[in-house]
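You will see two complexes here that share chain A, one where it goes with chain B and one where it goes with chain C.
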Partner chain A sequence: MRKKTVHINSLKGWLYLLPAILFLGIFMVYPLIDVFVYSFEEGYNSASQTYFGTGFYNYSYVLHDPYFLQAVKNTFILVIITVPLSTGIALLISIGLQAVKPLRELLQTIYFLPYVTNTLAVGMVFMILFKKTAYSEGLINLLITWLGGTGVDFIDGPYWAKMFVLCFYTVWVVMPFKILILTGALAGVDRQYYHAARVDGTSKFRIFMRITLPMISPMIFYLVITGFIGAFKAYSDVVALFGTNLNAAQMNTMVGYVYDMLYGDSGGYPSYASAAAIILFAIILTITCINLLIRLKNQPDS
Partner chain B sequence: MQENNKKTSAARLRDLLRKLVHKRRNFLYNKNTAVRADYIKIEKTARRRKKTAGAITYILLSVWAVIVLFPFYWMVLTSVKSYGAYNSEYIPKFFTLSPTLQNYADVFTAVPLGKYLLNTVIFTLATTLLMLVVITLAAFAFARLDFRGKNIVFVIFLSLMMIPNELVIITNYMTVTNLDMRNSFSGLILPSVTSVFYIYLLKENFEQIPDALYYAAKVDGTSDFKYLLKVMIPISKPTLVTVTILKVIECWNSYVWPRLITDDENYFLVSNGIQEIRENGFGRENIPAMMAAVVVISLPLIVLFLIFRKKIMEGVARGGMKG
Partner chain C sequence: MKVVLENLTKIFPGRDRKKGEKVVAVSHFNFEIPDGKLIGLLGPSGCGKSTTLNLISGLVKPTEGRIFFGEDDVTELPPENRGIGLVFQNYALYPHLTVRQNILFPLQNLKGKDKLSKEEMDRKVMEAAKLVQIDELMERRPRELSGGQQQRVAIARAMVKMPKVLLLDEPLSNLDARLRLKTREEIRRIQQETKITTIFVTHDQEEAMSISDMIVVMKEGVVHQIGRPQEVYDSPVNLFVAKFLGTPPINVFQGTIRGDRLYIGGDAVLSVDGVCDKEVYVGVRPEGFVLQKEGAFGCHLNRVEVMGRDISVVSAHKECFNETVRSIIGTETRSDIGIDHAVQDGIVRFSLIPHKVFLFDRETEERIEAEVRSL
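This part shows the complex of A and B:
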């Protein structure tokens, strides 16, 4: 009797889980295995679904593809510039927000706006702000000439001008999340520490270095890690600025390379796409593991 | 009489004391005037420094506010300039004296933005509703039911959270193509109706509901499903609302999957729709009309945000990440 009820309950549990397992199985677990299979199948033809060998050829092809190397370079530059920059500015702004009372709510609302906007749509606004064409100067170039510089086309111009816009827009997009998390972290620091420090006559800078920073450092660390992962996956903001033909613009990212291999004019090579995606995944996994290791080291008891 | 005398002597003593204290105070005061002047000075500089620090803070904060808001201003401004006016401005103007709504009419007539919007609404609603059903059932199983293998399945679910979407999208693209589901709503919707993270979030919430309620319901003969419907879902409404809003934002902004899976304009969502408008929209490059489309696309989420500001920010802080 008892055995029977256990059995029925078991069945019921699995029944409730069934939709989730089904969807995750089809669109998550199976693809996860399959992507590795694809990446080792040489000469895969998506029309006839045949291949003529297995091995590391796809990886070797991808790693020797100048477009992929360009994409890797772009992605790394983007990551190295935007992650520290956005985290630093977000920290400054959050500290500033702590100090002001009357306008805090309004400012917080404004700062959060980029989070709820369509990355692709607003990216086009950035595109026209920075673009310089034969018949229009563009706003940013107007400001540059006012300040005495010479204008440059940030969208179709030299490499570093394009990279600048991309970094600028990326920082603009990721800022809301960072400000939100950091203001939360700053508000969570126990006031008593500050009172005690003030009684002792500690200077503000010292208070910041010795109390605030250590107290919120786990959150900063969290932001840096999620920032790394997010920036490694950059794609739709790049499309918004430079259009879909990213290889021609020299502005492709690793994710962009994966999609270009899969689809579009240069597409039809799921094996190359898989190999590139796995290389990207390896990088992200490394960062995640470093994250876990440092966390475990910092909190040995928990 | 004697009493009166006593009083006066006491009063006199008091006076004397008062005088002494006063003298002492005066003495101290005179002695300390120099120090006091210094003190006032120090306080003044401190106040000034505080004021400048405050001013710098405000300037810094306003600069960032301007950087955030300016693109929005520019997009609205450009969208109300007429095509001719915009293209004749070699040096862009910061305002316009003759605003026009022609561009807004154009985006609904010259390009099928209305269709894109409708598709996105259908996609967003269907995905979110389906996801709510799937994650509620799964979270209920994890939080309330006991069955063999539960813990193993839960660990597998959690480890799936680490898998980036970019890795599985390749096979999903092939799967959907092979199933002949390209250019269809089912192809668009089905891959994104589960979220392990939201299952996890909801499970945590469900577990906080006291067991006593469940046993009481069991005694009354309530079925598990009815208990989920009548007790757990109403109690967990705040979390469900948060999850819903986050999912709606995610759906509204999704770009990569719709771009891969549709090449028929009738199934475009706003993100790949706007990209299409940009590349081959009006037969010529029409930036004011494009900006009008951008405004139309951005507005729903901004309105949603202004209504549910607190909820959205809380939800994102609890575990939202863009993308």
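This part shows the complex of A and C:
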């Protein structure tokens, strides 16, 4: 008798889950598996649904494609520079916001604005700041020449200049969300810990290092993980800054490469795109695992 | 270290919409806390007792008045230079640190000539841990401890630097009833072992009375009475103090003094010297009732509650402010004359014990100094 009720109950449970399972299955799990399958099918043609054979050829092609290697390099530079930088600056700004009383709300709003601003609109603003046109040098170049330097073409110029703009842009765009999360985390630390530390004569620096930082570390960790994933997925920002011909501009990213392989001017290769996507997936998975391991090592009991 | 509070006043500015309104949290507090005593700051919530504690700790700066530790004026000193230990209501143990690291934390802050060697620190940590009997739990984290254990860790952390003054903010309010009894004895023991001047805040009068050398009864920022617990209980200075101390609470009646007789309702219950012809409030402690067949004071009997050691007679009286008149009758009194003998037609008769009866002015609610005697 009892067994039967349990059985019916669990059936009911599955019934409730059904819409979500169906939805996720069709739109997430099935495509995932499909991409995985494509990546092993050589010369898959989506129109005729045919392919020549199976194997690792797609991976080998992608890994030997200089455009892909450029995209990997770009993506890694972007990730390594922007994730720590944006998290660090966001932390400093959040602490600053906590410390000031007047205008705090105004400042919070200002810092949060980029978050609700359209990526492409922000890209346009950056163009005005950095792009050399027939009519203007770009605001930053004006500033540089005014200070006595020589202007650089940040959009069509040397690689490092373009990379600088991209990193600058990325840091600026991801900052508001991080500031939002971190100010929340900082405000969530019970004041009594600070009182207790003060009574014990703890220096401000030590309070920050030994109390504040450990207490908000879950949030910082969350930001680093999502930051890594977000930066690895960079694409629309790059398009907004450097246009669609990213391979030529040497500024392609991994997601950009996948897109180009599918729909770009030189596209129409779902197999290569799938292989590149799987490689990206593997990289993100590895990095996230490493992050998790680091966290587990630092906090063995949580 | 004795602690002297001189005219201590704290006024908080009103916040947000109530900007104009100022809140007087503590008003003109004068008190000399003798060295090595355990002091209970007692009062209902919002009476300014926690503010007083924070003023002594230095976390809050007074609006007026001065604070002395011994002969030193510490009013302007920041908390870290006052040599105090502070235990917070929710303990404020650092959750990411082990018990050992928590207790060690204050020692690691010492700089310059006060800096301790590692061995010295370890020794002090163990000493503090042994004092509160948590030396078995050193490697645990706060969330792996029970409330009582956390409380001990908090005390150990506050004690590890051997403070001149130990301050405890509602130290027992987060513990369950049984643990509360145990922990309050523990606090008493630790205080007596270390002889550190200790001030603790509580809203629980029983807690304050049971372990304090002296209690301070506060209400709305004003100190109403300071004294040894028994003294305050036996001679409250006003109606508030009388009502605040004691469980069950004191029974308050409307009474009248005519001639040298004190009347409650129609009954002349006691004789009074020194005051005549006055409307008063009469406070009678629950233990101030004696069952007596010919007793002068009659109440409508509701029920009798047997509590083992003694019985509680619950009755009603139309002049009484309490919902019921509660009287505690000890075993001897009960065997002398049974409850049945004192009840007639639903009226239970008592005589009142004079020194358990207090008279208060109706206007000021201050105690009326008058000698009350049996009829």
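Keep in mind that, in the parts below, the second predicted complex is superposed on the first by the 261 of 302 C-alpha atoms of A that agree within 3 Å, B and C clash if a C-alpha of one lies under 4 Å from a C-alpha of the other, contacts with A are read in each partner's own complex, and residues count from 1 in each chain.
Convention: contacts are C-beta pairs under 8 Å (C-beta built on N, C-alpha and C of every residue); 3 or more make two chains touch, one makes a residue touch a chain.
The model shown is predicted, which means the values in this text are computed figures rather than measured ones.
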Fit or clash - chain C, chain B, common chain A: fit
Arrangement angle, chain B at one end, chain C at the other, chain A at the vertex (C-alpha, nearest 10°): 50
Touching partner for A:I26 - first (chain B), second (chain C), both, neither: first
Contacts of A:L147 with chain B and chain C, given as first, second, both or neither: neither
Greater residue coverage of chain A in the superposed arrangement, chain B or chain C: B
Contacts of A:A282 with chain B and chain C, given as first, second, both or neither: neither
Contacts of A:I110 with chain B and chain C, given as first, second, both or neither: first
Closest Cα approach, chain C to chain B, once both complexes are overlaid on chain A (Å): 10
Where chain A meets both chain C and chain B, residue numbers: none
Contacting residues of chain A [partner chain B, same complex]: 9-14, 16-17, 19-21, 23-24, 26-32, 34-35, 38, 46, 89, 92-93, 96-97, 99-100, 103, 107-122, 124-126, 128-129, 135-139, 142, 172-175, 177, 180-181, 184, 226, 229-230, 233, 235-236, 239, 243-244, 255, 258-259, 262-263, 270, 273-274, 277-278, 280-281, 284-285, 288
Chain A to chain C touching residues, read off their complex: 190, 192-193, 195-203, 206, 210-211, 214-215, 299, 301
Chain C residues touching chain A - in the complex, by the definition given at the top: 57-59, 78-81, 84-86, 88, 90, 92, 94-97, 105-106, 108-110, 141, 157, 161
Chain B residues touching chain A - in the complex, by the definition given at the top: 53-54, 57-58, 60-61, 64-65, 67-69, 71-72, 74-75, 78, 87, 89-92, 133-135, 137-138, 140-142, 145-148, 150, 153, 157, 160, 162-164, 166-175, 190-191, 193-194, 196, 199, 224, 249, 252-253, 255-256, 259-260, 270-271, 274-275, 278-279, 287, 290-291, 293-294, 297-298, 301-302, 304-306, 309, 312-313, 316-317, 320-323
